[in-house]
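Next up, some structures in structure tokens.
Each of the two complexes below includes chain A, the first together with chain B, the second together with chain C.
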Partner chain A sequence: MKLIINDEIKTLAVTTVSSLLTVLEQPDKGIAIAVNQAIISRKNWDDFQLSENDQVTLFQAIAGG
Partner chain B sequence: MEKLSDQEYMRYSSHLLLEDVGEQGQLALRNAKVLIVGVGGLGAPVALYLASAGVGRLYLADDDHVELSNLQRQIIFSQRQLKQEKVSAAKASLTQLNPHIEVTAFAQRLTPKSANNEMLEVFEQVDLVIDCTDNMQTRQTINKLCVMHKIPLIVGAGIRMEGQLISFNAQESDSACYHCLYPFNETTDVNNCGTSGVLGPLVGVIGSLQALEAIKCLTGMPVSSFNRLMRFDGKTLQWQNFSVIKDPECSVCSAN
Partner chain C sequence: MSILNVNSTLSLPSDELIIADKTFSSRLFTGTGKFSDQKIMAEALIASQSQLVTMALKRIDLANQDDDILKPLIAAGMNLLPNTSGARDAKEAVYAAQLAREALQTNWVKLEIHPDPKYLLPDPIETLKATEQLARDGFHVLPYIHADPVLCKRLEAVGTAAVMPLGAPIGSNKGIRTAEFLEIIIEQSTVPVIVDAGIGAPSHAALAMEMGADAVLVNTAIAVAKDPVAMSKAFALAVQAGRQAYLAGLGSQARTAVASSPLTAFLDL
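Let's turn to the complex of A and B:
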């Protein structure tokens, strides 16, 4: 499936947000994920189905100040 | 009817010219009580702007002392305040800036355990809390207390060249909370600005926006950062924004 991940177009064999993290070998600690500018609650990562051309943003929580 | 003094009319004339603020808005600022947790790179501009805007009662909480390396970005402090308690030094600066306001200083760290001391009483009194802290654990504690006491919360964070801003209004039953967005007590990035580095104006941008959102909240203007996470990239000047919705199973705001 074609996805836009942090502004880069990638074609990956994934279905859910969790499967995307596995394929990207992205440790899930301390991160947040948005699909089409909406944050996906961590509890829904296993169930949330990605669709062709979804814009996915992966980023770290930051706590500095 | 409550009125502004002649001195206040002159001092706040630029607010009074704004339709969205006016005398009623200025009186709302004068009557407001705001807690700022963390007086560092974010807390400095927040405290300076809210004091100069005439927010009547400011409560500052921080257990640190002013260090030389703070002066690169924590613009409320000056060289002669080195080694002083941050909250005392900040109080002195703010009182000099605006004699019409009252500043209360708490030289203590807000921890889950300190949550039953005098800091807790402050959460019972304030209209708004501004999170300017430097660690996830304190951020989660602040969020819990704001949810418990139904206090609006404006959260800022900044490190290196990146900033984040989001606000929550626990008075609205469908509001998300900080824990809905980040349901964990630690970040992978355990470093703080002192070890990871940060540009002064980066925290200045985020802190200024926190102050802007605070003034809007206190004067009854719509607060566009409620349930909306803004990310700022200081390198490219690009902004991203994301909607955040309440997690119906959130252990903080949906627990009952």
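Let's turn to the complex of A and C:
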């Protein structure tokens, strides 16, 4: 399906948030995800179904003061 | 025994700092920014004996992803304190805190709202609003603020876990320029006072601790030192020295000399 991930359009064979993170080779720690600006809690990653044209934003913990 | 092994040589076992639901034996908190590489960062932060380290959050660049910096810090048993750096108002800061809670599985947050990139001075009105909302939502909020005693009382009233007044602008290394106001904050505060920002040398950290600050947060001064690991140890010693001086009770200052030796006129024979 077509998704907008951090402002990039990508077409990926994914269904849930978990499957998306696997395809994108993301670590399971230190990241957060929002779909259409709503933050998806870690406990819902396996069940949350993505839809065509969803805007996905991925965040990562980085160094900072 | 190494003189740098500060915990075994100097610490007072009962002098622990409690903030919200955590107890700290080290009063030196550290940031993870600006280190030349991750290996040196991890070595320096471990050498500092810091138990609370700050981190930031950013949007992932899928084409050019940063390394995972969490692993060595978690392995060293450090508590992570995500910040909301980049937030320009309360709404953005609350969103950043919620993201950080998901990313790092902690309800601790260093609230930073500094819309002006030149001086990075914190916006007191947005900070108060965000603290109130986040505290209500179950966060332990540590807001970065100007050394404003009135704001500190307002933050206490809305449930802040601590206050983090600045010594000087972030990364400026200028030291404790807000001393007069920090003294008032320390005198009045019912929550821990962590002096944050501007601490550029171990002597600055010692001064803040001598004044009665509960802890200091140091990042730039360690990260940009020629030898960050050695500088971490220097800061750890300075924080301990300053804390012990505070507990020991400093003597009062006088305008004129006060003799340390008896002034008997033994030469007037």
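Following the convention adopted for this analysis, the second predicted complex is superposed on the first by the 63 of 65 C-alpha atoms of A that agree within 3 Å, B and C clash if a C-alpha of one lies under 4 Å from a C-alpha of the other, contacts with A are read in each partner's own complex, and residues count from 1 in each chain.
One rule holds for everything that comes next: contacts are C-beta pairs under 8 Å (C-beta built on N, C-alpha and C of every residue); 3 or more make two chains touch, one makes a residue touch a chain.
All of these numbers come straight from a predicted model, not from anything done at the bench.
After overlaying the two complexes on the shared chain, residue contacts for A:Ile5 are found with chain C alone; chain B is out of touch. In the superposition on chain A, A:Val23 makes contact with neither chain B nor chain C. Looking at the shared chain after the overlay, A:Ala34 reaches both chain B and chain C. Taking chain A as the reference chain, the count of touched residues is higher for C when chain B and chain C are set side by side.
When the two complexes are overlaid on their common chain A, residue A:Ala63 makes contact with chain B and with chain C alike. In the superposition on chain A, A:Arg42 makes contact with both chain B and chain C.
Once both structures are placed on chain A, chain A residues 27, 29-32, 34, 39, 41-42, 57, 59-65 are touched by chain B and, in the other complex, by chain C. Chain contact summary for the complex, chain C toward chain A: residues 31-35, 38, 41, 54-62, 65-66, 68-70, 80, 82-83, 85, 95, 98-100, 102-105, 170-171, 217, 219-220. Chain B meets chain A in the complex at residues 38, 40-43, 131-136, 139, 156-159, 162, 164, 180-184, 186-189, 191-193, 196, 198, 203, 229, 231, 240-245, 247, 249.
On the side of chain A, the complex with chain C involves touching residues 5-6, 8, 24, 26-27, 29-34, 39-42, 57-65. Within the complex formed with chain B, the residues of chain A that make contact are 27, 29-32, 34, 37-39, 41-43, 57, 59-65.
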